[in-house]
Structures are given as C-alpha cells and as structure tokens.
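There are structures below to look over.
One chain, subunit A, appears in both complexes that follow, with subunit B as partner in the first and subunit C in the second.
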Partner chain A sequence: MRERLPVIGAYVLTGLLLIFILAPVAVVVLGSVLNTRWLGVSSEQWVPGAEGLVTFRWFGYVLATYGRMILFSLKLAVLSVVICIVVGVPAAYALVQHPFPGSRFVEELVLVPLSLPGITLSIALIQAYAVWRGRWWLVLCGHLLYTIPFMVRVTSGALRSFDVAELERAAQTLGARFSQRFFLVVLPSLRHAILVGSLLVFAISWGEFNVSYLLNTPLNQTYPAALYATFTFNSFQVSSAATTLFLLGVLPVLLLLQRLGGGELGGELGGELVRIEQGA
Partner chain B sequence: MAEAGRRIERGAEISIARGAEMAMERGAGFRRTAAWLVLPLVVLVFALLVYPLALLSVQSLRPGAGILDARPGSGALSLSNYRLIVSDPDYRTALLHSVVLSLGVALVATLLCLPSAWLFARREFRGKRLARALFTLPMSFSGIIVGFLTIIMLGRIGVVPQLLEKLTGHDGLSGVAYRFGGLLAAYVYFEVPRATLTLESALRKFDFRLDAAARTLGAGPWQRLRFVLVPLFLPALLSTFAVTFSVSLGSFGVALILSKRFSLLPLEIFQLYTGLLNGPLAAAMALVLGATALAVNTTMRLAFEGRVSRHA
Partner chain C sequence: MATLEVRGLKKLFGAQTAVDDISHLFADGEITAVVGPSGSGKTTTLWMIAGLTAPDAGAVLIDGIDVTSRRAEQREIGMVFQSYALFPHLSVRENVEFGLRVRGLEKGARRSRALEALQLVRMDAFADRRVTSLSGGEQQRVALARALAFRPRVLLMDEPLSALDARLREDVRLELAQLLSTVKITTVYVTHDQTEAMALGARLLVLESGRVAQAGSPAEVYRRPATPFVADFLGAANLLEGVCGSGEPRLLTLPFAELELPRDTAPGPCRVMIRPEDLVLTTNGSAQFHANVVSSLFLGRQLRLVLEVGEQRLVMDASPDTVFYPRAEIGVRIRPDRVVVFPAGPQPNPGRMNR
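Then we have the complex of A and B:
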C-alpha cells in the first residue's frame, strides 16, 4: 500500500491538471454556441433574433467581420511552410552531410530566436525595417524567424538518425548525379520529418501573435490579432466563437502531429518542441 | 582464362575511375554545391536576426527621446538608458515583478508536472495517448488566448467565483485574474506542456535500476530520494526550470491582457515603444530582457549537457 500511494497520487494530480487545462476551453466552446441570455449574464441580450438555447450566429458574425484576417493568417501559414521547406531542408542537409568550418555555429544561430522573447525580436525587426512596416511580407519574415528553426532542427535530427551518406553512396555508384541523389534518395527518406516539420510550422504561424501584432498596421492584421480585438471590444460570446474558430484551425494539426510523432513527441522531438516560444 | 582476367582488369579500371570521380565530387565542386544549399538560410538569419539585433544594440546606446522627454537627442552614445532601467523605480519594479513571477511559474510548473511526466514516461494506462495530446494543447495557444481564458475563469464575474458564490454564498477569487495569483495560474497554464514534455523525455532516459540497487542495499525512501534520485535527476529539473523561466520572462500576450496593476517588463517595453515612442529606451529594455532569457537558457543547457556527459 505504501508503494502504491505515490502512484495513485500521480494519477489524481494528472486528472486535476487535465481539468485545469480543459475546463476553460470547455467553457469557451460552450459559450460560443449557448445562448447565454438564458442565464441573464449576456451583454448581447438585447440583440434581436436567436431565441433558442443553441445559436451559431456568433460564428457568422466573426466570419463576416474577421474573415479577411482568417484568410490572411492561412496565407501566412501556408507560405511559411513552403519557404521553410525550400530554405530549411536543403540547408539542414548541407549542414549535416557536408559540414564546413562554422556549420555548427550556423546551426546554433538558427536556434537563437527560440530562446529570445518575441517582443525583443519584434522591436529589432521594426527598427531595422521601419520603411516596410505594415507590408505583409515583413510579417511573413517575422514568422519565418520563428518557424525555420523547427524545420531545420527536425530535418537535421532525422538526417543524423540514419545513414543517408550510405544510401547516397549506393546511388552514386549506380551513377546517380547529385540532383538525382538529392531529389530521389535524400528527400524521399526525409518525407516523415518534413511532414512533421510542416505541421509544426503551420501551427506556430497560425498562432503567432507578438511579431504579427507589432509589425502590422491595425487594418492589416492576422487572426490572433483579430482575437485580441474581440477580447477587447466584443462580448463574451463573440470572443468565444472567435476562439473556437482558432481552435478549429489548430486542433487537427496537433492531433495529426501526435499521431505521426507518437513516441517521437515524447522523446527527442519533445525536447525540441518545448523550446517553442511561439506567441507565449 | 585470359578473357576473364581482362574482364576483371577492366572492372577494376572502371571502379578506380568511378572512385576518382567520386573523390572529385567530394572535393571543391561539391563543396560549392553544399554552400549554395546553405546560403539562403544564412542570408535569412543574418537579415532577420543578426542585423536587426546589432542595430537594436546601437540604438539602445542613443539617449532616450520619447515624447515625455524634452531633451534634444544628441548624437553621442552612452549607457544612460541602461542606467535609467536600474534607477527608475517604475522600470525596476517591472523588472523585479517579471523575475519574481517567472521564478514562481518555473518552480510551480516544474513540480506540478513531475508526477504526470513520470506517469507518461513509466506507466501504461488506458487513454494515455489522449491525455498526452491534451497536455500539449496549451502550447498552441497564443498568450492572449491564455489571458482570455484566465479572465473567463477568474475574472470579476468569472466561472470560478460564480461557482463559489453558488456554493458558499461568497464570491471568493473574484478578479484574481488581474493579480499575482491569476498571472501565476495563466503562466503555469501555458508552461504545462513544456514542463511535462521536457521532464518526460528526461525520465525516459533515466536509469531506474540505480534506485533499485540503492533499495537492495537497504536505503530507505528518504535516503534514496536524497542521495540517488534528486542528485541524478537534478539536471533535468534545472533545465525544465530554465526553459519555463525564460519563456515566462519573455511572455507578452498574457501580460497584455491581464497585467493591469501588476506591471511586467515586456508590457513596459511595449508601452514605451508604441505609446511613448521612446525607441532607444525600449531597445535597451528589450535587450536586457532578451539577454537575461538567453543567458539563463544557455547556461542551464550547457550545465545540463556537461552533467549528462559526465554520467554517461
């Protein structure tokens, strides 16, 4: 019994932590569809229409008001994924397979943004490129700064975990040129890592607030900044609906990551994941 | 016979030629290809990280020129902004608040997540995968969402105070979201995934046979904890502490939503920059914040790696 007590304690504490994590999310998701005027606490109780207990009208309101920002965030996220693959994967390959003097330093330097506060990087970026403030691609650059470390880290980790050099040499003795080897041997064997990296990049870009908020002009904001606007100016129901929409964007990605990563997420990748500074 | 010999000879010739070709490819030409592959990344990192940070450092040395500051900005570089951070009571308080809050968050998150991390690493139970997935959920939330959730739960008419009022007739915890306790809860909320994953990956590698050995040698639970478990696991605890500390220190979104009375450094920087337009002072503060976070993180990581290699 004395040996079992700590185990039971750990289960109880884990349960409590799960409640701590889920309760606010449940309240918000419920709040987005329930007509809280029935509770008499709604600030929207004088809005006509929607008499039932469940209403989806706030989603319509959010989509109509902030739909443009949702599209903008999606565009940024997709572009981040594409650029991270195009720039990050070849670089990771070169850094691992063909190290040169200073390649270790480059690898470390790429990771630096993860341990720097978002506000520091945002102000640095604004100061340096004040002329372009408000341009959408400057925001994209801010996102890249945060997302590329993950792509580089995940792919270089995969490259180190199996012998790509051996496979390449085999292809080479069969007469494959460099481009053939890279596209037909290296890239296919990195499929899984690139997929995991892309999902990470998408999730981070979708949720990024600091850099986007500071780099953008108020009229041209990303969806997390729209969330901030609803928290500040709109009612509980509208904010909840907006937050629920945000969750709908990121939850499938997280679940897929958990599925693909499986053990990896708890192991090596977990160690990297925890360095996500992302929006915090 | 002669035919076969010639064939072997030819084969050897071909493989020698192939080897020379490969050697050549591994040489200068190949290096150039590899360099081309890294170049875009290097350009990106320099343009977006190194250059802006260097510029920020220079900027932080210029005298402040905010709208509240009537002094004409002279061109001379000085450390006056850094002196101001330490001497101005408001900024000093914000810095102190940030450090104290982050220390508290790091301590609470590390200790709170240890049992769950142990369960995930060492035990099998039904629904483990789902539980782990749910534990990582807050990681995808921006700070502002966590701030919003905290207000919903612990704000002036939050869910918890309302429930408490129904149950006890007294709305305890009302408005705690805006005070130290609420900030602590909010920060711990988004540190749970980080702390759990770091501790879990450390516990997976942990050799529990050492503990078993101590037990067979007759060590009691307290002795095992004091002389075996804590010393061996200390590096992992410290690195978790460091990661959660430095992330909390730089966190901006939560503070933006919640920090009304309890001033925090990231928010002060934001206000200085956008409200008072004092770029140089904001730059100095941003660098102090960034340097602190980076230093804590790097020191702990290096110390951790040192410990690991010594034990390995």
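Then we have the complex of A and C:
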C-alpha cells in the first residue's frame, strides 16, 4: 500500500493536469453549441427558447461571416502541401543521395526559418518584397518558409533510415532508367514519410498565425487571423464556434499524425516541434 | 548465355588503388567464384562489371562487345545484392516483375515470366506475400528470381549468403549450386568465404590487394596454389622454410625432416606448404619425423592436432576416433606428392598456420 501511494499521487496529478489542459477546450466547444444569449457558459441569461438548449446557429454565423477566410486557409494549406511535396521531396533526395561539398550545410540552412520567430520572418518578407505586399501568394511564401523545412527533414530522415541507394542500384541493374528508379522505387519507398510530412505541413499551415497576421490584408485574411479578430470584436458564442471549427479542421490531421508518427519518426518530429514552438 | 571478359580493369579511390589491372575471361555458362579477403577489390570489380561504378582504366566486354561506356541499366546484367535489396513496397511477384515492367512488357507476359522465375527458386507459393514477411533464405531466393526473370546475359552475385546464419548457409549453398547448374548462365560469384567459393565455383579467381593472385579450378588452386598467400587463404596450411637440394632425386630439407620430391624444383632456399590433411599419422617404421601433440580440436569429421617439432608448430588432421594424450609423441609421414614448394621470395611469413 505504501509503495502504491506515489503511483496514485502521480495519477491524480496527471488527471488534474489533463483537466487543466482540456477544460478550456471543453468550455469553448460547449460555448459554441449552447443556446446562451450573451456571456457564455456561466451566463444566467439562458434562453431555452424554441430551439432548446443546443443550437448550431453560431456555426451558421461563422460560416457566413468567415467562410471566405476558411476557404483561403484551406487553399493555403493544400497549396503548401502540394508545393512541399514537389519541392521538398526532390530537394531532400538530392541532398541525401547525391551529396556535394556543403550539402550538409545547405540542409541545415533550409531549417533556419524554423528557429526564427515568425514576427521576424514576416517583417523581413514585408520589407524585402514590399512591392508584393497584399498579394495572397506572399502569405503562401511565408507558410512555405515554415513548412518546406519540415518536409525536407522528414524525407531526408527517412532516406537515411534505410538504404535507398542500394534499392536504386538494384533497380538500375534490373534495367530501370533514372526516372523509373525515382518514380517506381524512391517515391514509393518514401510514401510513409511523405504522408507524415504532408499532414504536418497541413497542420502547420492551417494553424500558422504570425506570418498570416502580419501579412494580413482585408482581402487575404487567413482563418487563424480571423479567429483572432472574432475574439477581439465578436461574442463569446461566435468566437467559440469559430474556434471549434478551427479545431475540427486540424483534429483529424493530428489524430492521423499521432497514429503514423508513433514509430521511428516520432522522436525526430517531436524535436522539430519543440524547435518550432520555441521559434514561433 | 554469353562470355564475359574484363581487360586491365583499374579503380582508384582517392590515392588508394582498389583494383589494379585485373584481366580475366569468364567462360560461357560457367560459375566463377571471385574470392579474396576484404579489401582485395572483389566487390569493386563486380560493380565495374555491373556498370555501377566506372573503371579508371580497362574494359568490360560481353560476347566480345565493349560495354564499358554503357550504363548499368543498359548492360542486361542481373545482380543479386548482399542485402538482397528487395523493394519493400512491392510484393514478391511485383519484385520479380520489376525488370520486365521497366522493359515495357505487357501484364500477361510479365506475370507468366515472373511465375516461371519464382517456380525456378521454388517460391511460387509466396508470390503474393510481402517481401518484408520473408525469412533471409526466402528473400535471397526472391532476389535471385528477380535477377533472372528478365533473362540477363550475365549474373552477378555479391556475397549472397553472408546475411544468412551459419546453419542455414550450407543448405542454401547446396540449393544454389543445384539451381545455378540448371540455369547455366555465366555467373560471377563474389565471396570472402573460401569454402563457399570452392563449393560453388567451377573456377576460382583469387584476388589479393586488387590483383589476380591465381585463377583455376578449385582443386587446382587448393592443391597447387601459386603463392603462399593463396595457399594460406584457401584453407589451413603449414607454411615452412626449407632448402631444396640440387641432386637427383630432389631432396627437400625441412628443419625437422628430409623428403624426396617427385617434382623438379629449383635448388636453393624455398618456402614449403603442407596441408594438415597431408600429414599422416603412422605407427610403423615409416615415420619421417616425430612430434608432440600440443592440443587437439574435435571438428566432427576430423581431429585437428597442433604439433610441436622443436621450435616448429604444425597443424595436422587425424581420424576423429583417435585419442591423444597431452604431450604424446607421435610418428608422422608427409605425403610428398602433395607438398607445394615456392621459391623463397621477398614475401614475409604470414606467421599463421591455422585458420
């Protein structure tokens, strides 16, 4: 019994911590569907009218008001994934499989944006490309600065974890040309890493705030930037609904990542996430 | 089937010469085992034949046609890798079909040829399995089927058994020997294992620091090694210092015995190789010298004895049914027809008798 006390203590502590972390999420989700009038969950002004206790009208309002921003964020996230695959995967392949003097340095250089605070990066982008300020694709460029390093890192890690070079040599002796080796051997071998990388890129792009907010114009507002606006200018219910929608957008991706990244990629990605948390 | 020839192959890695002027004609439909210690240049030679690395000098010819400038994918050479290098994302069948797929064969032909190749290695029942679910021996067979399915002109094998555990290796070796004899394809088989080389190779090509030390049939190379290095590398050997007489018949004087040689040898100081199985235990008066048993190792088929004659240590094989007491003195006879005499060269004594 005496030995079990610390264990029980640890469980209790973990439980409290979980409540501490999850409670705000629960409040927000609850707030987004409760049919309250003004002040939130604690409000005494319940309006259990014809619609009952639960309502989805806040969501309707959010979709009507911020639909354009949600679509813009989705567009950015999908484009980021596509461009990361098209640019990041071949880049990682070239850096790992065909190294040149300084290729290791280039690989590290690609990761630099991760360790820069988003605000620095945004101001740098604004100042360097002042002419293009307000163009939607400048926001995309900001997202790519953050996401391409992830794709390169995940892919190059996978390339190093097994002998792709030997598989390529085998394919070569079997008569495969370079393009056949790349598309029939290299890419399929990396499919897991590319999937993990894509999910990560999607999640990062969908939730990116710093660059999005600073490069924000009324016409090119991302959803996280809009989310910030709802908290400043809108009711608790509306901002709760907006937050819930935001979570719904990224939750499936995170769950899938959790399942896929449980293996050997987990540790590496964990490290990267710490890096970006510190940077952003 | 095709003949394969390498002419003056040379490869440098930085300042280091990995392969130094190797020339050899690999006979049509024959298995040649390229054998040598690690760093002797055997894998580099194989890679140059395959086209995976470019030689610094020399040429590779298939059926007399120079293919040195062709890329690996244009050489029609099948290769089995040490790691097997099966594609983990493809099934057994898809792996075997790969060479046919990149050649643009239509699906029906691809399937039947892949099945044929899998039947050859008796893996047809595994066609739809994932390669990652196979054992080492099974993977090795699939790798062989994949290398043969597109009907290459030459087959290269790079230490195909070294990834298997010792017990399995002997079975797979027998199976492989049988299989290769039915396929009858010009095969270059690289190994560092002399037993494997002698068991599988119709001919041996022994490499020493990037050069050909000797080429010949296994029996030839084992019985009549060209250099003390070859003698020592191909099996247990006693390497001794001796002096050859000039009289008739030729007398060979060893530190502990004297014997008549049936062959003509140049008179003067020489080095002598005697295999452990060519020292014979005798109990009648025919002993050429007497020695003390220092230790005996039971190896199953034979008993390996370490003997001491004065300062000299010798290894000798005896019947496994014999029992020797420590320090026992025994009479030994040397089979003179099996003794190999090398001219005393600048080569230093390797200093090891047993392996």
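Methods note: the second predicted complex is superposed on the first by the 246 of 280 C-alpha atoms of A that agree within 3 Å, B and C clash if a C-alpha of one lies under 4 Å from a C-alpha of the other, contacts with A are read in each partner's own complex, and residues count from 1 in each chain.
Operating definition for what follows: contacts are C-beta pairs under 8 Å (C-beta built on N, C-alpha and C of every residue); 3 or more make two chains touch, one makes a residue touch a chain.
Quick caveat: nothing in here was measured; it's all calculated off a predicted structure.
Shared-chain residue A:163: touches subunit C; no touch with subunit B. Of the two partner chains placed by the overlay, only subunit C lies in contact with A:180; subunit B stays clear of it.
By the touch criterion defined above, A:71 lies against neither subunit B nor subunit C after alignment on the C-alpha atoms of chain A. Of the two partner chains placed around the shared chain by superposition, subunit C is the only one that A:188 touches, whereas subunit B remains out of contact.
In the superposition on chain A, no contact is made by A:19 with either subunit B or subunit C. Once the two structures are overlaid, the count of subunit A residues touched is higher for B than for its counterpart among subunit B and subunit C.
Of the two partner chains placed around the shared chain by superposition, neither subunit B nor subunit C is touched by A:30. In the superposed model, A:171 makes contact with subunit C only, not with subunit B. By the touch criterion defined above, A:8 lies against neither subunit B nor subunit C after alignment on the C-alpha atoms of chain A. Contacts of subunit A with subunit B, set against its contacts with subunit C after fitting on chain A, overlap at residues 169, 172-173.
On the subunit C side of its complex with subunit A, the touching residues are 50-52, 71-79, 81, 83, 85-90, 98-99, 101-103, 146-147, 150, 156. Residues of subunit A touching subunit B in their complex: 6-7, 9-11, 13-14, 17-18, 20-25, 27-28, 31, 41, 86-88, 90-91, 93-95, 97-98, 100, 103, 106, 109-110, 112-113, 115-121, 123-125, 127-129, 141-142, 144-145, 148, 152, 169, 172-173, 178, 203, 206-210, 214, 224, 227-228, 231, 236, 239, 243, 246, 250, 253-255, 258, 265-268, 270-271, 273-280. The touching residues of subunit A, when paired with subunit C in their complex, are 162-163, 166-167, 169-177, 180, 184-185, 188-189, 191. Put simply, subunit B touches subunit A in their complex at residues 18, 22, 25, 30-31, 33-35, 37-38, 40-42, 44-45, 47-53, 55-56, 59, 112-113, 115-116, 118-121, 123, 125, 129, 131-145, 147-153, 157, 159, 189-190, 192-195, 197-198, 200-201, 204, 243, 246-254, 256-257, 266, 269-270, 273-274, 279, 282-283, 286-287, 289-290, 293-294, 297-298.
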